[in-house]
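Down below are the structures I want you to see.
The following pair of complexes shares a single chain, subunit A, combined with subunit B in the former and subunit C in the latter.
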Partner chain A sequence: MDFIPHNDKTIAEMLDIIGVKSLQELFQDIPKDLIIEKLNLPSGLSEPDLLKQFEKITQKNKVYSSSFLGGGCYNHYIPSLVDFVTSRSEFYTSYTPYQAEASQGYLQAIYEYQTIISRLTQMDVANASMYDGSTALAEAAIMSTIITRKDTIILFKGIHPEYEEVVKTYCWGQNINIVYASEDNLIEKLNGDVAALLFQSPNFFGDIEDISKFAKNIREIVPNCLIIQAMTDPTCLGILNPPGLTDIDIFVAEGQSFGLGLSFGGPGLGIFTAKQKYLRKMPGRLIGKTTEINGEKTGFILTLQAREQHIRREKASSNICTNQALCALATLTYLLALGKTGLKEVATQNIQKAHYVKKELSKIPGYEILNKKPTYNEFLVKCPNIDSLINLCKQKDLQPPLKISSYYPEMKDIALVCVTEMNSKNSIDTFLEIARIVSNNKTEGE
Partner chain B sequence: MDYEFPDGLKYATTHEWIRIENSIATVGITDYAQHQFGDIVFVELPEVGMVFEKGSNAAEIESVKAVGDLIMPLSGEIIGVNQNLADTPELVNSSPFVDGWMIKLAFSHASEIDELLSVDKYKQIIQNEEH
Partner chain C sequence: MISNIQLIFDKENEGNQQNFVPKMEIDQTELDEILPASLLRKDLPIPNIPEINIVRHFIRLSNKNYGVDTGIYPLGSCTMKYNPKVNETIAKLPGFTRIHPLQEENQGCLELLYHISKQLGEITGMDGFTLQPAAGAHGELVGLLIMKKYFESKGIKKQKIIVPDSAHGTNPASAKMAGFSIIELISNEFGEIPLDQLEFAMQDGNVAGIMLTNPNTLGVFDRQIKEITRIVHENGGLCYYDGANLNPILGICRPRDMGFDIVHLNLHKTFSSPHGGGGPGSGPIGVVKELIPFLPIPCLISTEKGIVCRENDNKSIGRIKAFWGNFGVIVRAYAYILALGSEGLKKVGQIAVLNANYLRILLQQKYKLPYNRICQHEFVLSDQGIPNDITTEDIAKRILDYGIYAPTIYFPLVVPGALMIEPTETESKQSLDYFIEVMNKIYEETKQNPELLKNAPQNMPVKRLDAVLAARKPILHD
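For the complex of A and B:
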């Protein structure tokens, strides 16, 4: 459909038909003293001057040549194919299609996204995606309270602290009680009011949890308690056991690692999957494939819409009303570009490089790896002096690892180090050299 | 519009019909209600053994364009649900008073039956709603 702007002639014609003398008359209900006469805007810039202006602004960004920062957002390679597909104007400029079935191309893309996510995670159903990992987790929590008709959820230690904040906010709005638990006290926190246990794996500290250990115990005490897993870097699925083969009821993840780039923290993608029996309680859109009534052509539709809030209204379990379809398309393209072997290669490089750094760091005096469980591409390390480590990293054009005390003040001099396929041997060697310097300085200072 | 209003049943203002046999009540939605809903695609029934008070939501009825509740016309314990609705929810549309029944309950307060409507009173309500 073409965009046809108005001109003075058509405006005059329309005003004439509705019996109004001027455009100003349409705003006559606004009190005169509130009408803006003049906007205090600078005068326009020519295109070259405008581009210079934007350049000046972007130069305020510091982009490091290599990064050791994780903690929810990860530096992974994005194949050129992703941009090529998402920047097609049909995808890039279209807003959420209201007459959804008219956008068969988009629906097919999202259907393929749902399929690829379902296959990768081995979960029965994947929806068209939520806004991001944190809100997907919050929505899963609410979904569990509706399924079980219970009003309490357990947050297992190790969930990203910002994800916890989002879950808390959503639960506050829905009068859902939150209980915190860790491995030591989980069993005693379980009771008949619990709708679900939420955990993250690999968790915020890098540990890969083996929840099947707990699942049996949990289900013995609270038989219909749901187990919900969150994941912040799903590239690990290239090497780790998929959640669908475990006792997980709902699996959510942040899709940023799948082709979305860092962009100062967003936009994200809320990967949302569940077992078949929960299908009707899932929030968000579901794309389905079907055939014509009077023919054989297949087409794509929005299916099971009676779950959604525009039909269910006050009975809806979610108020999600817009989408991250373009991000889902980027994720689909990323996964297709890599394929099974590619994703496995990415995951293997992540785990190998991170383990190399882990091993080398533990050889340096003053450094202690704190993880007791297996890790993927992130781990916790106690440092001789974290501020000094961070400063030296910046000086050498390396994005420093996360200072854990910004989230947990009692965890001083502890870094969350993340190593991905993007860290070259050079950058790793530089990082280890910096670690040695910090260690030497500390020893000298003593 | 000509809706069915079978005799021998009690009715509720929320468009449920109730058949009382000794201490058991069978409940479903009326012909008027199924017509308002349109094609019914899913009915979420309660579990046998669940106890509900009069006025609470016992079941959820989904059509292509709306979602509504089956409101308990009497307090009691669910002793039976219509399993056929899982595969053929359209029975509610084609046979709302017979094959499309939804729940059977053992009611706990017989006095609540007096608060239900007779077929004539219910017919009156529908006629008023239609004008």
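For the complex of A and C:
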């Protein structure tokens, strides 16, 4: 199968007009010894055969009916509306809106995305998107060193381990030093070289951090140190105080929860927001409102492009070009579909259902909840026998919680449990029943 | 005055909206027992809008947007080819969309990633691939970090990268992000790299390598490519291939055979994944054998137990994105490669070049073509010689009036007033002929009715917009 409209006669006519005798002749500039006979790949497939092949591939993955797995990628309901809007091919088959007048629809949608994100986060400005939460955090770290002209950043305990690694890679590229800190030693790690403190809340272990407790200290010790917050499941903003009201300088988040599905972790959405004063140092595209040159109608256009690589080349604020536009459109649609009432209800269900599971688990002998701070939809629990818990979950068609030792080998027998609005009472009861069975077996074994 | 724009936020309607949330079912706890009041938000300024109003809003917006499905999209260096619909169906299978990146039963996903990296290896000649980068520029950053790590591992400090003046803007920006400084090479009258200047630049001794696009942004295949890579290698450098322009050489020749060590591809250009209005993309990186240890994690290998992640031995540059790259985009590209197969991919290269040359021959009759040679996927016209102070921008805006999208303008920088045209292989002759007809009509208008161009566009939802105003007083949200 190919998607080429010409027949042989058309090809011959076109070759004739060009003035060459064969298709081969069009490649006359390529040195002869570089030309290959053919690629060593199988022949093409028809559409039905192609679909059959993919059916086989997907059968090697398991789709669970219910899930207790989070860890940076979350199972939330996606309104049908989201796929409907992002499937409009006027949107998904378009390029970056360089010709504004032929792209007003998409430009307005991204302007609305920037608007809804700044309302949700209460941050001054949001850009048009980054690749994902992890790269958004890494770019925020770099941005802080450009703003402050300093070369050290502090990573606070509890950042998603994969995000931490991405920040580390980006910082190595730019010779930025990384210091690790926790609540106990943060103050002693602060000094004049520090460009930013990066933290995550709710953090990887589920804790909701109250940064206002340290913010004052940080500002006193290093007045121009930026405070950067990351978040992996921003549905919590349906009930939690937004970062813009807690003196955060740059706030980044993974937008996957807002209508993108699991999709094996990608494509996601890097939500990137900052205080107004940092606008011209921001990476990525920005859509602005303007008027026609004659001043009449209102329109939308890519703006502040002097920060970007296609104008500034090596002096750009970042190398990013293609971002995650369609995912931003999905997120806008998701947030509009849910609306104020729905988003609040989603957040409430997440915290209530997770809290219920947490409370019930803590009553079962052998389980210990490890979070000392309030949590949203994830928490850490020490289990009597984590492998047995995981196996029994799988047998009951429940996606088991994350075994945290896969990231932190020293944290044995600890599960990171995630409960969202998608967990029915039935699935929660099954999970708790499994936990009880594991507890009983352990007790009997002893 | 009634505004021509109605934002979705103007449609606010205080309705109850709980259509998308399942039943609570469990016994709730008072929220203040779970959280201190100081952590709770007081106001959530997001509207409640009835579903039908949201639908109508987005349909209206989609009517004000142009995509490949609307018509020819001759945007140079962007390879705006048709996006097969079967790929969308495949990418939306629950066996992909409902798979968690950290779940154990994921062999379908891992096998897909492993197999496409082998296919891309065959297509480019490279020995190993990573699918982690989320876009072309992200791939460039990864490729350059691999260079950096390679030299670090040998205890050699190299701080510069050579980038020709015709390169995509992301090249120098990515080199900078990887901590390199840039040496710019001026291309010659054929748009090719002058060998003597390259030799001179390489003698610096501090050069890690070169970034090249071949065919370059003028659509010209550099005839001396093997000489170029030889000179760089002999002086201890590595050669990086920007794969944005791979489409015309699919199945014809391979970057590895030209002497490249690192290659990035744009799955959303060459391999038909839709561009999505600016993403998501996918920018896999392929490398020669010696550089495989430096690829980012996770890196997949095939074992008796199936496809698994390679142990990290600290040679890797580390992680560059959470989880597994833009998996959904990769699925579409895999479907495309399977659908086309060996013959289909070769035909892509051939017809992409046929279509570009057909346009080149017929358009150069009126428009100036500074680099007049057989081109590959694209070619570049100039606004020089156009009368009545008509600029490239005027021409582009007038093209919109005829219901088609404009070429890339003012790039590459080496051509004054550039119009960079890439039709791709999926445009029919009829569609190309319409584009020629429009361009010829516009040419006549430049002489007979220049005001039509200066005031273009007239038939779009808005007339030409004020970019200066937008930048001087940025309004980025309502």
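Here is the rule we use: the second predicted complex is superposed on the first by the 399 of 446 C-alpha atoms of A that agree within 3 Å, B and C clash if a C-alpha of one lies under 4 Å from a C-alpha of the other, contacts with A are read in each partner's own complex, and residues count from 1 in each chain.
Everything that follows uses one rule, which is that contacts are C-beta pairs under 8 Å (C-beta built on N, C-alpha and C of every residue); 3 or more make two chains touch, one makes a residue touch a chain.
Source: prediction; values computed, not measured.
Upon superposition of the two complexes on subunit A, no clash is found between subunit B and subunit C, which fit side by side.
Within the superposed three-chain model, A:Pro223 lies out of touch with both subunit B and subunit C [touch as defined at top]. Comparing subunit B with subunit C, more residues of subunit A are touched by C. In the superposition on chain A, contact of A:Thr169 is made with subunit C only, not with subunit B. Residue contacts after overlaying the shared chain place A:Ile311 against subunit B and subunit C alike. Here the apex is the CA centre of subunit A, and the angle it makes with the centres of subunit B and subunit C after alignment on chain A is 60°, in steps of 10.
Once the two complexes are overlaid on the shared chain, A:Pro409 sits clear of subunit B and of subunit C alike.
Aligning both complexes on chain A leaves subunit B and subunit C separated at their closest CA atoms by 6 Å. Under the contact criterion defined above, the residues of subunit A that touch both subunit B in one complex and subunit C in the other are 305-306, 311-313, 315.
Within the complex, the subunit A residues that touch subunit B are 280, 305-306, 311-313, 315. Put simply, subunit B touches subunit A in their complex at residues 41-42, 44, 60, 62-67.
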